[in-house]
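Next up: the structures, one after another.
In what comes next, chain A is part of two complexes: it sits with chain B in the first one and with chain C in the second one.
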Partner chain A sequence: MSAVSSDRPSLGRRLADLGRMLVSPRGAVFLLLIVLLVAIALLNPSFAEPGQLIRFVQRVSPVAIVAIGQYFVIVGGEFDLSMGSVVTAQVVIAGNLIGQDDAKSLPVLALMLAFGAFIGLVNGLIVTLLKVPSFIATLGMMLALLGATLYWTGGAATGNPADSFREIGRGGIRDLPVIEILPWSVLVLVIVLAVAIWFARRPFGRTIIALGDNAMTARYSGTRSWWVKTSTFIISALSATLAGVLLVGYAGVHPSVGRGYEFTAITAVVLGGVVLGGGRGWVVAAAAGAFALEALFTLLNFAGVPSTYRDAVQGVIIILAVAYAATTIRARRRGRALETSPGPAPTNDTSPAPVAKEPDPSPDPARPAHIPSTQRADNETKGGS
Partner chain B sequence: MRRRFTVASAMVGALALITLAGCTTDPNVTAPTEDAATEEAVEWFDQELYDKQDAERDVVPEGPEDQPWLQYINAEFVDTSQYASTGAKKACFANASISNPWRQTGWITMNQQLQVLQEAGAISEMETRDAQDSDDTQIADIDYFIEEGNCDVFIISPNSTAAMTPAVERACETGKPVIVFDRGVETDCPTTFIHPIGGFAWGIDTAEFLIEELEEGDKVVALRILPGVDVLEQRWAAAEKLFDEAGIDAVDYFTGADPAEIKKIISDELAKGDVQGVWMDAGDGAVAAIEAFEDAGVDYPVMTGEDEMSFLRKWKETGLTGLAPVYSNFQWRTPLLAAQMIFAGQQVPKEWVLPQEPIPAEEVDEYLALNENMPDGHYAKFGGEDLPGYPQVWEDRQMP
Partner chain C sequence: MTATTAAPARRSRRRRLDATLIVGIALVAVIVIGAVLVASVGRNFFSPGNIRDILTGMSVLGFVAIGQTLVILCASLDLSVPYVVSLSSLIAADLMAGNPANIPIAVLAVLATAAVIGLANGLIVTKLKVNGFIATLGTGLIIKGYLDTNYKGTSGEVPWAFQVIGATGIGPVPVSTMIMLLVALAAALFLARTRVGNHMFAVGGNEQVARLSGIRTARPLILAHVLCSITAALAGLLLASRLGVGSPTVGIQGGYDLLSIAAVVLGGTLLMGGRGSIWGTIGGVAIFAVVDNVMSVMQVNPFLKDVVRGIVIVAAVAIYTSRSLDRRRPRFTTGATGTTTPDAAHEKEASA
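Entry: the complex of A and B
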């Protein structure tokens, strides 16, 4: 932040800055979210009632939690494609092991957390010690878990677990004024988000970002990179576990629960302006990305888009939104900074040597390059600041 | 200047995004929904088949009274004397998948039926290949059976109609009996094609029920598993036509049977306005739909699910007004029995239409009691009560 504000000496431009903040990669997702929510409320005024809004937050909670987990992996420079399968596996574990026996809830919950942490550890070790690219390692894990789940269930639903276990995803504190009910999921999300913000500001959280930004410098500065990376995978697998617990309550047990969550999470994170390849991004924006995505789906429901081409409309809008976020990143770079990097270019992060002044897809001859004051002057979104 | 321009262009982009969202969505509230609907209906709606199935619903099936899996409706028999031979035969079964509870239940029943026939010395063994919902895999499976299976009879439960037709024709060319069941193929070369009345009958049963219970202008949310499968598309094609004619406001969604998705859809629809009815093209996920009404704190809808135990139990527990349409699960017994008949030289129906009767409210208690300890994914009309291993095998639900 400090680098940026020193860039803006004029006090009269504060207002413009606020506008720019909203269209900046960091703010764009909030703007998008506001626009979508307003659009939904216009189509269907009852959505704006507090009771409905809180239900909306409840529904988004699992996705947002998964996106928060995915944020740490992505900002550390990797991907976790196994999250959806972890959700599915945990949902099935809960359904099959708890059954109708209330007493088993806590032991099985502990088992699920241990299982989640174990999957994350395996993912992390495969990526860091065996040097398998995370895209492939977690893709393999995704298929392995999915296969195991299918083998276990035969691909069909089993019974729901005891209602007491489902309460955390389905129930809440009832009889409140204004919002009627405060779902447990919303509380869980608030806690997870608070912990994530706190964690991202801790030295360890900053190390993750530093590692994603430039693995070489991070290593030279004494980071145990294998452990930092592995821990991001453990975080993401645990967040998927938590999402699984909420989803068992919200929806029930079915092998299709959690399907596609990894892509929803990655899309949400990218929508939140987090740069693929790591080193830049804000965890709150990632969570807001999840809200924006779900708001989009809800908007399509409210607008009555026929089921046959709903997916296509969703896809196009997501591409446009992400392209918009990418464009604003590029626009800002061209406008303020100096590295004329090709696009949002994750590769740029791994080679920050001063070679950045070459091919821009749309070079701007009218703008002579400034002398770079710092190499990463555009890095406003860095470091959970 | 530059900077302002980029900011402005970004704004324009945002506006374009919004207008795009607006353009693609707004008009659909009215006219284009109907357009899309008629297109779909044109594709899947088949008046001739609709009328045939409509009529078959009222026919009293012939055949042994207490064995619905051997009953038939309006059958034309074919002679099978050329296949008559003694000794135990090897059956080769190309299965589309066991990836939903309906197919799993049937698969268990089929294996228990196999035991009976093995003990009777009619079938020596059944080699099964599971195509896991893939057309390509199933074509390869059938070709494998033709080349190296050493099969005496082919039993095929097609994954999809058009794609499987050539492979089924190749199986027919071997000169051995071919038995197709559940989904159909576009050839009449199989010795017999076994199926319940069909998707249009399901659609008519369910839509007529909802129309009778609801009033003109009421809202029905239709929850559909996935597009493109004929037995499912026909269910909706029939129901949609009837809803249209009766002035019921029906809107359909694809859910992939994902309960989270179902819950979101219902919550959104309830936020939009009252929902008086829920129509499902399969019972998988019915419980999530009902729970969405509970969570929103509104009255239960009039609802059609399926004879899956989870729905029957929730139906009973909530006391809602419902109907459980049935896509007769006991049809999984019939193919092996047909093979036995064919090798005995007995004639079999060319198109073996099995009875398909919904479970109305009066019969729910009976079916709940009959299947008391069965798991939620079990189907009430599975028809295996007289088979060995009943009820333990179905209660444990161990896939063979």
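Entry: the complex of A and C
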């Protein structure tokens, strides 16, 4: 990766900045995504046609939406393992309660959103009030919710929502000039992403990052940490609900829809350079991580790799991506320790001043940033409270 | 449970007792409730057959959870265990191929493979600085890819001489559970009596302090990952001996990754590392086994079992943390500051 853009600096400052951004852990996911898309287009030129590209975006959008929701939880320093079960539950709810009755679509949609928010609220309250580590709390929710859903359906695929409802996931605005069809799910993704970017820049969004970075300073600066943390779980459950709505249309009703989404979402978020344990990361990069992951699978498909190797390649990629980010941050911190600011962290310029600083307890000024970075990588990344 | 009004001076002494004591109390409570429920449908909870069922149910998860305890003590995680379990069962069954003479070779090969996987996990976590969650998720996916590609179904054959381990018992106690308890004893002694074992607590509790105290922080972590993979391999061997064949899906079906972590946390080990005990973990595994057994006897719908399991996990950990909250060291309640002195942070935490 670094070879691609390190030969550019002579072309001018902007290109150099762009190159630096692309090789930084924050921007590496975009470079990875571009490389993957170019590789796919080379293997299969028809992929580069606008119509095909928009189909690709349509396919990714549920994963990307889930990743955006997971981003807020992770950047706040926690995990949400229940997202896959929430997706499954919502898909089954839509299938069973809407049936073939168009008139029920809106009430059931409202019910699904309320149910999603409720699940998120329960997760959040268990984590914040009962002080159960989020890993365990959402694991319990994952088991309980999936079990309840399967118990309800008897473990089989039941129900099929009205076509008007499924239209959200598989239909779109037709007869457009270049791209033929603009799927609703792409529109939903764009709206969700825009709202997420706006939200992350609001004081509340910055407070989430501050809380993930250092819970104690956040609390001393007046954060209602229980509410901030609970809200991240509500956001993630709502995003899982949206993904469920899209998946009902796209994939139909089946109890296995949504299985494994929590780990896919975490993988996407981590690919996007978001640090497990909280406090670092950019929501757009998290969404780009979802695109990169899906592009990787598409590439493997076109390259004729057996589908059974998908998992293995995914495993290698996430280890390499995180290792790259971890070692780069470490090297940068070491190199620029005495300069003004450690660059790669996107949160340093977005967090409120009193809480933006790294929790740096090192007494030794000669190597001030090295120790926290390793500690962050190893110790603080469990999301437990 | 018991009252929490110990004087601060006596706290440190009581604390050590309580961690495993609470788990024990919870276990007794679960057994009592279970016995009442089982009696209500006219069965005897304490019949030798039922006790044997519970102990058998403990053994596989017990092996995995012992290793997971070591890794979690070091403030890491191992999500690759179910795949190691599956891989071990396959390697064992394939190499034995029905011939008792091949047993030693097969067992050695399984343990060596697991050690290599654990070493890879440990090196990725310590040298590449990849978070344990991601590193082991990645290696687990790699093994899964290998398994899915090379095995379409069950494979190999385990000779009767090896199947005996999973099938026999002394009285109501199965041999496999006794081996598991011996491994637990070894692990507990390892943690309590050896230098590396003590270093695991230090590294998990606070890596910086451990480093500044002159501990090579990478070694205990790598060793914990190696031992965790080896205990997962033991679980795989046991499953191979029970099934008579190797299976590529046996680990995932058991859900050993998340359930072992849940059992460890249920056993009072902190997910953030640095504190916990093997015996607490065994208690957590026993709680799971008893709950499962009671539900089986009462013929609960298999999907509802998951609901109950999820609620039990959360409820048990909630009870545990709400009791022991004020006795945690500050870094576990406040996030990440080493600057505040423990006592000051403790007071703030208590008043917050």
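Keep this in mind: the second predicted complex is superposed on the first by the 315 of 385 C-alpha atoms of A that agree within 3 Å, B and C clash if a C-alpha of one lies under 4 Å from a C-alpha of the other, contacts with A are read in each partner's own complex, and residues count from 1 in each chain.
As a working rule, a contact is a pair of C-beta atoms (placed from the backbone, for glycine too) under 8 Å apart; a residue touches a chain by one contact, two chains touch by 3 or more.
None of the values given here were measured: they were computed from a predicted structure.
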Checklist entry - In the superposed arrangement, which partner chain does A:170 touch: chain B (first), chain C (second), both, or neither? => result first
Next on the checklist: Contact-wise, after the overlay, does A:313 reach chain B, chain C, both or neither (first, second, both, neither)?
Outcome noted: both
Checklist entry - Is A:19 contacted by the first partner chain B, the second partner chain C, both or neither? => result first
Checklist entry - Which holds for A:141: it touches chain B only (first), chain C only (second), both, or neither? => result second
Checklist entry - Touch check for A:114: first (chain B), second (chain C), both, or neither? => result neither
Checklist entry - Can A:131 be said to touch chain B (first), chain C (second), both, or neither? => result second
Next on the checklist: Per the contact definition in the header, classify A:276: touching chain B only (first), chain C only (second), both, or neither.
Outcome noted: second
Next on the checklist: One more residue to check, A:257. First (chain B), second (chain C), both or neither?
Outcome noted: first
Next on the checklist: Output check: A:327 vs chain B and chain C. Expected answer is one of first, second, both, neither. What do you get?
Outcome noted: both
Checklist outcome for this item: Dual-contact residues of chain A, meaning touching chain B and chain C, are 150, 155, 306, 308-310, 313, 316, 327
Item to check | Residue numbers on chain C that touch chain A, as the complex places them | outcome: 75-77, 124-126, 128-135, 137-142, 144-146, 148-149, 204, 206-208, 211, 221, 258, 261-262, 265, 270-273, 301, 303-311, 313-314, 317-318, 321-322, 325, 332-340, 352
Next on the checklist: Under the definition above, what is the set of chain B residues touching chain A in their complex?
Outcome noted: 2-3, 6-7, 9-11, 13-14, 16-18, 20-22, 24-26, 28-29, 32-33, 36-37, 40, 97-101, 103-104, 224, 227, 251-254, 256-265, 267-269, 271-272, 284-285, 287-288, 291, 295-296, 310, 375-377, 399
Next on the checklist: Which stretch or stretches of chain A touch chain B in the complex?
Outcome noted: 19-20, 23, 31-32, 35, 39, 44, 46-47, 52, 55, 59, 62, 150, 154-160, 170, 247, 250-254, 256-257, 259, 296-310, 313, 316-317, 320-321, 324, 327-328, 331-332, 334-336, 364, 366-367
Checklist outcome for this item: Contacts from chain A onto chain C in the complex sit at residues 77, 81, 126, 130-133, 135-137, 139-148, 150-151, 155, 214-217, 219, 263, 266-267, 270, 276-277, 306, 308-316, 318-319, 322-323, 326-327, 330, 359, 361-362, 371, 374-382, 384-385
